[in-house]
Amino acid sequence: MLGLIIPVALNGLMTGAIYALVALGLTLIYGVLHIINFAHGSLLMLALYAVYFMHVLLGVDPYVAMPFLVLAFFALGYVLQRGIISTFSHGKESNILLVTLALSIIIDNLALYLWTSNTRSLNLPYAYEMIEVAGALLPLPRLIAFGAALVIALLLWLGMTRTRDGRAIRAIAVEKRGAELVGVNVKHVYALCFGIGTACLAAAACLLIPTFYVTPQVGYAFVLIAFTTVVLGGMGSFAGALVGGLLLGVVEALSGLFLGETLGQIGIFLVFILMLLFRPQGLFSARGVR
Amino acid sequence: MMLRAEGLGKRFGGVVAVDDASLTVQAGRIVALIGPNGAGKTTLFTMISGFQRPDSGRVHFDGQDITTLAPHTICKLGLTRTFQIVQPFAGLTVRENIAVGTHLHHAKRSAALNAADDIAATLGMSAMLDQPAQNLTVAGRKRLELARALATRPKLLLLDEVMAGLIPSEVAEIIPMIRAIRDKGVTILLIEHVMQAVMSLSDEAYVLAQGKMIAHGTPQEVVGNPAVIEAYLGHGAAQRLQRETQDA
Amino acid sequence: MKTRMHPGNAVVAVILIVAALLPYFVLPAAWLGLATNILVFSLLGVAWNITGGFGGMMSFGHAVLFGSGAYATAMLQLHAGINPWLAALAAMAIAAGVGTFIGALSFRYGLRGSYFALITLAFAEVFRVLASSFAMTGGGQGLSLPLATGLANMQFASRLHNYTFVLLLVVAGLVITTLVQRSRFGAYLVAIRENEAAAQALGIDTFRVKVLAMALSGAIAGAAGVAYMQTFLFVDAQIGFGTVMSFEALLGPVIGGAGTVLGPVLGAVVLHTVGELAREAIGGAPGLNLVFYGLVLLVILRFLPNGLMGLFLGQRRRPATKEQA
């Protein structure tokens, strides 16, 4: 069993990269809009079906589909935030959570109705190419996803800290009313951020589908993982989401190794509970509690 | 001695909000806590009423050390505070709002509601009792805040800028009400910027500036104190004022 | 002074009484199953309403309390041979205990608002995984109670009797809610919901009140779990602790009117009745009814934030309260 730790952990690291990608979008949305987007997992599931069908019906390879889906989902996210989430919740925080919950219920079950609960996966020729790393055999698409996660996290971080628009976004995150007073179109920026967050999901889906599957339930499975990652890394922190996701992937893999597959699922939920209770600001934040 | 705060200190990160502040309030008096904005007055209140733990110093109320007690326990002992930003319990009527306070001494709903009516009467709010609290004007909300606090039958009332936002006629209306509360036996410590209230109501005043107590005395003494004038109007202001009055 | 009942409440009460009596006189037997389901969801909604409606502690994982009740009563009967009525009481106490535990832990560390909602979901998931991992809880198969009809066994041969049993539980739940609403405890809960700091400043031990509310909610949700178990004689991890039950717990109250007495029942009745009629019209398919529920929730949130009861009680939209943490 002990000899398996490194290979299992490395594989967990690969999975963690996907968690990080999913969480990057969520942490941006939370960091700026202060919305806990319960529909995040459902949108990921939608993206997975989108890339699946693009391959099955149009013959498009997931990596090729990525730019198109990223743009499409950016638009979807923009419209969702501007058209539904902000107007339906009347600004109340508790309502926003319920609105995103309603959206996730609708999306998850619409998927169930349209595409049934059959597991679907792609049979891509390169999906089983294995690269050996430190005694572990890692699937090539996973390694690609790992690298992509690092790149995307870096791009997001650069975008937010080095560009003028990014700095404007961060200003809004801190002082919405002040930004409104100086003429910033806050509604537009909010929708922009939500769109970027959703676009990250599309990227994650394209990177995930070669070695994963999709069912309507997948969305819900990812929601808590995404939230745990965001809490681990500190709300609003890209570096935190990246590290948090990788860490969580390893935790999940190792608890599956030691507790068995069923009980192993508990690892993530326990991490979430413990983090929320004892260190809600994240592992890396020096600041005090909320 | 109803209240004694000794050497209270509080810092938030790098900022020292309150620095070695002490004050005492004798039973039956109205004491004012004044000072420029951002001086740390509300922070002092939060420490006294248990909403924040002081980094240093102690608070004694009615002979008991209450420094580490929880806010609701302190209220039960007889010390009630109001809030600078008044927030009535939305969705409830004025009567139901006050009843939340009277419930401290009345377990039964009907008794609490009746007691709420009595409290409202002492503050001239009987006409508003059935109104939704969020429909009240600023003056109404301030009065409701006062009523809610009174409902807990405090020995010591901490009023945080109860006059803020009131127009002069409203201030003139509420001043005798506060005096009447004291006359009924409630000791009052109030944070206030409205100088008219401070001068006419308080028996003594403490001045807090940049977290430090810089003066204490009767309102007249304190207002003429050069250090106090400097704290409000800036460096050199005291001398300038003195020169101007001399020249006049 | 007596609190006068709003005429709107009387109207809704009449509507619900008529609806409740339908199975006895008019309703075809085929609909009894749905009617009983609606009652179980109503009871669960009544439980959620205590903490989420009156107390403002929105929980996304109320199934953890429901499932605890169902599993507890099943395990006590199956493994310890305890009389079903005693097992039911014990199950309610256990569910109350779970509620107390979760509440005490969460509130001790200052969780509220969305964080509280998420942590309850996490707890529900933990319980779900635990329930499907051990033989004692039936593992992946779940737990079944052997058929043994008779009042002594809390199993009813007649579906109408079963319906009556659950109906009585719902009525009891409504009575309890009314008592809470008219008590000091209820006044304190609402005050805490609106402004916890102000409540503390008025002498309220907010931690204690919130935990007590979780305990009461747990007991009622546990009763809903017992009712489910005794009706269907089966529970598994997905049913007991899964998201469907957690969402049902909040759908009724939010749609019907959180923080009102009749809201949870009105919401559950309207939602499921209309949902079932729609399903009959369109043709049953998995997932479609939940899509419908989600859409109704969206519409209510947009146009009737106070729920359906808002229509009857003539309330304008409740203004936004202070920003929660």
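The first chain written gets the first letter, and so on, giving A, B and C; residue counts start at 1 in each chain.
Please note the rule applied: a contact is a pair of C-beta atoms (placed from the backbone, for glycine too) under 8 Å apart; a residue touches a chain by one contact, two chains touch by 3 or more.
What you see is a predicted model; the values in this text were computed from it and never measured.
Undergrad: Draw the chains as points, connect those that touch, then say whether the picture is a line, ring, star, complete or other.
TA: Shape = line; chains linked end to end, path left open.
Undergrad: Write down the chain pair with more C-beta contact pairs when B-C is set against A-C.
TA: Contact tally favours A-C.
Undergrad: Express in whole angstrom the distance between the two chain centres, defined as the mean CA positions of subunit A and subunit B.
TA: 49
Undergrad: Between subunit B and subunit C, what is the separation of their C-alpha centroids in Å?
TA: 43
Undergrad: For subunit A versus subunit C, what separation do you get between their C-alpha means, in angstrom?
TA: 31
Undergrad: For the complex, which residues does subunit C have touching subunit B?
TA: Residue positions touching the partner: 1-3, 182-184, 187-188, 190-191, 194-195, 197-206, 259, 318-319, 321-322.
Undergrad: Once bound in the complex, which stretches of subunit A touch subunit C?
TA: Residue positions touching the partner: 36, 84, 87-95, 97-99, 101-106, 108-113, 116-117, 216, 220, 224, 227, 260, 262-263, 265-266, 269-270, 272-273, 276-278, 280, 289-290.
Undergrad: Would you mind writing out the residues of subunit B in touch with subunit C in their complex?
TA: Contacts found on subunit B: 49, 51, 70-73, 75-76, 80-83, 87, 89-92, 96, 99-101, 103-104, 107-110, 112-114, 117, 134, 148-149, 151-152.
Undergrad: Where on subunit C is subunit A touching in the complex?
TA: Contacts found on subunit C: 56, 58, 60, 105-106, 109-111, 113-115, 117-119, 121-123, 125-126, 129-130, 132-133, 140, 243, 247, 250, 254, 285-288, 290-291, 293-295, 297-298, 301-302, 305, 317, 320, 323-325.
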